[in-house]
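Would you mind keeping the following structure in view while I ask a few things?
Chain IDs A, B, C and D follow the sequence of writing; residue 1 opens each chain.
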Amino acid sequence: MNIDILAFGIAKDLIGKRLTQMTLEQPVTIADLKKELIGLFPDFQKLSSFSIAVNEEYQNDDYFLQPNDEVAIIPPVSGG
Amino acid sequence: MNIDILAFGIAKDLIGKRLTQMTLEQPVTIADLKKELIGLFPDFQKLSSFSIAVNEEYQNDDYFLQPNDEVAIIPPVSGG
Amino acid sequence: MIQILLTEDQLSPSQCESFIADDAAGGHVIFIGTVRNNTSKKTVLYLDFEAYGSMAEKEMKKIAEQAASKFNVFHIVIHHRIGKLKIGEIPVIIGVSSAHRKAAFEACEYCIDTLKESVPIWKKEFFEDGEVWVAAHP
Amino acid sequence: MIQILLTEDQLSPSQCESFIADDAAGGHVIFIGTVRNNTSKKTVLYLDFEAYGSMAEKEMKKIAEQAASKFNVFHIVIHHRIGKLKIGEIPVIIGVSSAHRKAAFEACEYCIDTLKESVPIWKKEFFEDGEVWVAAHP
């Protein structure tokens, strides 16, 4: 399935754009997505951490992505 | 010696005026002054507590009053 | 820097915020006390604040100096109003700025807690059926 | 009541203070974050804040709701600014009112601490010789 992925902060800089599309074999968990991202952009490993939000909610590594999910890469936040 | 005594808040209400003068035999401590005040105005005993400030500083019961001290009765404070 | 004010005039939060502003500060914590419309479920009409003015100013200055020595802060402002205050009006403002927010929170809370314990200011609450000096009796 | 705002416009402390005002409140605690002129002793020129806007608003609302359920408070306001901010400008204001001050201090500190941990907002610091996403790397 194709998944649209939003990237913010340093994640956007690493990927090179705010919105990117990835093709992944179902079933795919957030852990799988993170592995795929690190494969494509090894610098993700250098971050303190990064999380994935699905439909504007943080989700754990064992969450299974669905075709219409809004997926976002959340590098370490620094608001306030 | 004569001592001028300032009274604030409920202490002023109990004594009936803001500035009062008392005549006390030297040496006289703050403990003595408190006893004298309670003798003259027994309602002081009903207060949660009251302190004495001398020259705008809190002083303990064993402090000896001097003739030109500015003495103030400080009932429980409630600022803020 | 420290600024202390005891006044019969209205207090201004924005004036306090301006005093503690600093280009090196990242956190500013402001406490604003207001007159509540009730106490122990009784309706309060207004308050009247009285102070031993010269000593109250000294005590507020001491508190700010203690806070400045205990916590890593830049500026502290303590303004207290006296006289008759209506519901919603502001008897006290305390503002603190610091590089990192934790120190400003701690110093601000220290100042208001200590002010309420030691500064010679007294408030009388006026109800429909009477009046009372706050905290005077057990 | 809770008010959340994410905006590119200047934030206003007095607007936040007005929102949390309440005749039954005795204590109001306001945290104002400002852009510091230095970090780790390096001179900062300005910051640029970016947000995942829709999620950031949801997360700020969650934080305010959590604080309202944990602490005995009346009103909570959280305003956050995004875009380019100069030294001394205000990226965040959090205000809380309560009957008794302790709850307002605790809720205000809880909100800013949690906001900094979980709300998807990122700041880039600009120095004379480069730029860096804050907290991105260990």
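We adopt the following convention: contacts are C-beta pairs under 8 Å (C-beta built on N, C-alpha and C of every residue); 3 or more make two chains touch, one makes a residue touch a chain.
Just so it is clear, the model here is predicted, and its values are computed rather than measured.
Peer 1: Hopping along touching chains only, can you work out the least number of steps from chain A to chain C?
Peer 2: 2
Peer 1: Could you put a whole-Å number on the gap between the CA centroids of chain B and chain C?
Peer 2: The mean C-alpha positions of chain B and chain C differ by 26 Å.
Peer 1: Report, in whole Å, the distance between the mean C-alpha point of chain A and the mean C-alpha point of chain B.
Peer 2: 72
Peer 1: Cα centroid separation between chain B and chain D, in whole Å?
Peer 2: 48
Peer 1: Note the residues in chain A that touch 2 or more other chains, in rising order.
Peer 2: none
Peer 1: Could you check chain D for residues that touch two or more other chains and list them?
Peer 2: 33, 112 - these are the residues of chain D that touch more than one other chain.
Peer 1: Per the touch rule above, enumerate the chain pairs that touch, sorted by label.
Peer 2: Pairs flagged as touching, ordered by label: A-D, B-C, C-D.
Peer 1: Mind listing the chain C positions that touch chain B in their complex?
Peer 2: So the residues of chain C in touch with chain B come to 33, 49-52, 54-56, 58, 80, 91-92, 112, 115-124, 133-138.
Peer 1: Contact residues on chain A for chain D in the complex?
Peer 2: Touch residues, chain A against chain D: 6, 8-10, 13, 46-48, 53, 56-58, 72, 74-80.
Peer 1: Going by the contact rule at the top, pick out the chain C residues touching chain D in the complex.
Peer 2: Going through chain C, the ones touching chain D are 13-14, 17, 21, 23-38, 87-88, 99, 101, 105, 108-109, 112.
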